[in-house]
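Submitted below is the structure of interest, expressed as structure tokens.
Chain IDs A, B and C follow the sequence of writing; residue 1 opens each chain.
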Amino acid sequence: MSSIIASRVRQKRVAQLISHGKRLDGRELNDYREVQVEAGLIERAEGSARVRLGKTEVLVGVKFEMGEPFPDTPNEGVLTVNAELVPLASPTFEPGPPDENSIELARVVDRGIRESKAIATEELVIEPGKKVFVVFVDVYVLNHDGNLIDASCLAALAALLNTKMFNYEVKEGEVKIKPGYKPLPIRNYPVSVTFAKINDKLVVDPWLEEEQVMDARLTMTIEKDGKICAIQKGGYGYFTAEQVIEASKIARQKAEEQRKLVMKE
Amino acid sequence: MPVFYERRQLVTPGDLLAENDYMAGENTHKENGRIYATRVGLVNYEDKRVYVVALKSFYVPIVGDTVIGKVVEVTLGGWVVNIRAPYVAMLRASDALERPFKPQKDDLPSLFDVGDMLIAKIVAYDRTRDPLLTILERGLGKITRGQIIEITPTKIPRVIGKQGSMIIMLKQETGCQITVGQNGRILISGKSPEDERLAVMAIRKIEQEAHTTGLTDRVTEMLRKEKGEKEVVKNVTQETGKTD
Amino acid sequence: MSHKKPEKLIDENDVRLDGRKLNEMRPVKIEVGVLGNADGSAYIEQGKNKILAAVYGPREVHPKHLALPDRAVLRCRYHMAPFSVQERKSPAPSRRELELSKVMRESLEPSIFTEYYPRTSIDLFIEVLQADGGTRCAGITVASVALVDAGLPMRDLVSACAAGKVDGRLVLDLTDVEDKGGEADLPLAYLPNANAITLLQMDGMMTGEEFEHVVNLALDGCKQVSQIQREALRAKYSVAKEAEAEKEGAEAGEE
């Protein structure tokens, strides 16, 4: 039976190594694990992608529905992001309604997409003020080996890039589907970079054992031009102001590297 | 040897009180050679030791303390007692019975039931389990008469007074039995409700003015004045023949 | 009821809609010990924000399986009253409230010596009675004071303030209108003595340089908030400023 309780000896080792600038899996402090991106594997979804970040595995599916716009944005489509920490992904995930962790995950992924205006939501209007497309981005965590945020953001981006909308025309107030597809209009490519603070050092892309010894976690989402569009600190510890600034610089560089991996798919 | 406040100044958590040479006393915390306050209170420096007299804190069990508790649950082997602390306390059936507990014969609720108040002593307490009580000593046991009032635990020492001076005076002036629980509960048992009322009044005054000087004298004066007035009223009604 | 977004949030003289300068905080008022039943409580008004915080604990954990063997568990509920916002909000906890409850808890826990009270819970309730932007920061600020009022041993007070970018300018302490109509909002919570940032979030868009400025602006706001918190605590307890340990008094009961 697997247990997520890390032995103290191992925890100490993980933390000690990091004080010396090394990680247990051989990575440098700023290195990501190997990334594998596979898009379009769920045909029933309008868009989908699976990302493997080391052993962490996240699947994102994109679906469309038609609905009403929000009252303060009558000429924009709607984006909804949901995340599920599926019980099979970890002995610590239990079935049930979304808990604070899955809600936080969903909202951080959402923030990256929304604030970077990645989706051209003005192009998702069917009838201004009345009918728009609602884009559902569902994050499905399949295996938890650390850094769900970055894996989910990458998968969401890849899924959106993979998403196709059906062609349609509005006749007598009714939406009629026409043959053919067009890609979902995407204008930005947000990528999140997550740090863990361990023994006062920042490490990029913490894996599960590092997450178990970390003081705190800091995620920065960077859009295509290097601007920061979302930040989320998590965990019970803290960061100094200097560490936060340092992280923002490293994040901009790492995000660019990660973005290239997804875009070439 | 830098200190940053004057004696008896009001400090708040996180205030830097002293550096290096000093030792961290009550309600302070030392980190990297610096000593910070951890509660709101009055700071004091005494022989290289800095401490804070907290103005607001709750009771934390100490082995040996006398406490007044309320039974909140009867369990299979004893009772769960509320002692106004972060932890509930336990009183074992075998302690109350002074012999091993026989579940078939002994009916625990008949000894103490939910809602009963008792005076007990803490015999054991550590980080891994809830405090354990005993009622085996003299003066301990179920409370059957009198009234119980609650005050902030930090004021209890003031109610007792230096070498018991305050509480001795209170007992004399009011004629009441007064049992003080370290957990902020006080049992007052007098010959009449009037006597008990005087004691309650005195204790409330002590609670309010705990930080002042000459308190024992002022409380004594107040009690005598109250009793004096009562005498006057009694005499008046006797004269006029009216009854209260 | 819909509201038109104002044309400009800041005018050519760098004056904001409510008359404030760019780096000016809204007026803050804090009262300590306002509720009778809670172990600790406090109330804050910051601009139009009206928020109440209450603490129960340390007390027994229910359900028991949530207890931690080596320290107290802090539970935090951030909740907005249905009448606190322009359009009535359903009383059921929203996803936003759940997320904020989590990040607020994570911002406050480092300040409490939870290791002194294993197997207990400290329950913190933050109720937003009226909201006008920056409620999570004001909520953290008032919650920290309530924790002190509960007599809990603390490393430091946690002070929180948001800064951001509105109409191209970097500003401190955004109102709701500024948050919705501006370019970025960055809430931050800080323990001044430890130089520790315990809450940091951002939504919007800003460059690296802007980010550095905004963080410093927010830290500055936090330092101002910290002063106000301490003054409020002093005001509440200043009655006892005269010597506590007197001739007749404290029989070394505290030590």
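Here is the rule we use: contacts are C-beta pairs under 8 Å (C-beta built on N, C-alpha and C of every residue); 3 or more make two chains touch, one makes a residue touch a chain.
What you see is a predicted model, and the numbers here were worked out from it, not measured in a lab.
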Identity of the chain that, by mean CA position, is farthest from chain C: B
Centrality ranking, top chain (CA atoms only): C
Chain B-chain C separation of Cα centroids, rounded to whole Å: 34
Length of the line joining the C-alpha centres of chain A and chain B, rounded to whole Å: 55
Centre-to-centre distance between chain C and chain A (centres being mean Cα positions), rounded to whole Å: 28
Overlap residues in chain C, where contacts from two or more other chains coincide: 191
Chain B residues within the chain C interface of the complex: 8-10, 12-16, 25-27, 29, 36, 38-42, 44, 51, 53-58, 86-88, 127-128, 154, 156-158, 160-163, 165-166, 210-216
Chain A-facing residues of chain C, complex: 2, 95-96, 98-99, 101-103, 106, 109-110, 186, 191, 194-208, 211-212, 215-216, 219
Chain C - residues contacting chain B, complex: 39-40, 57-60, 69, 72, 113, 117-120, 148-157, 191-193, 229-230, 233-234, 237-255
Touching residues (chain side chain A, partner chain C) in the complex: 71-72, 98, 100-101, 103-104, 106-107, 111, 114-116, 216, 218, 223, 226-241, 244-245, 248-249, 252
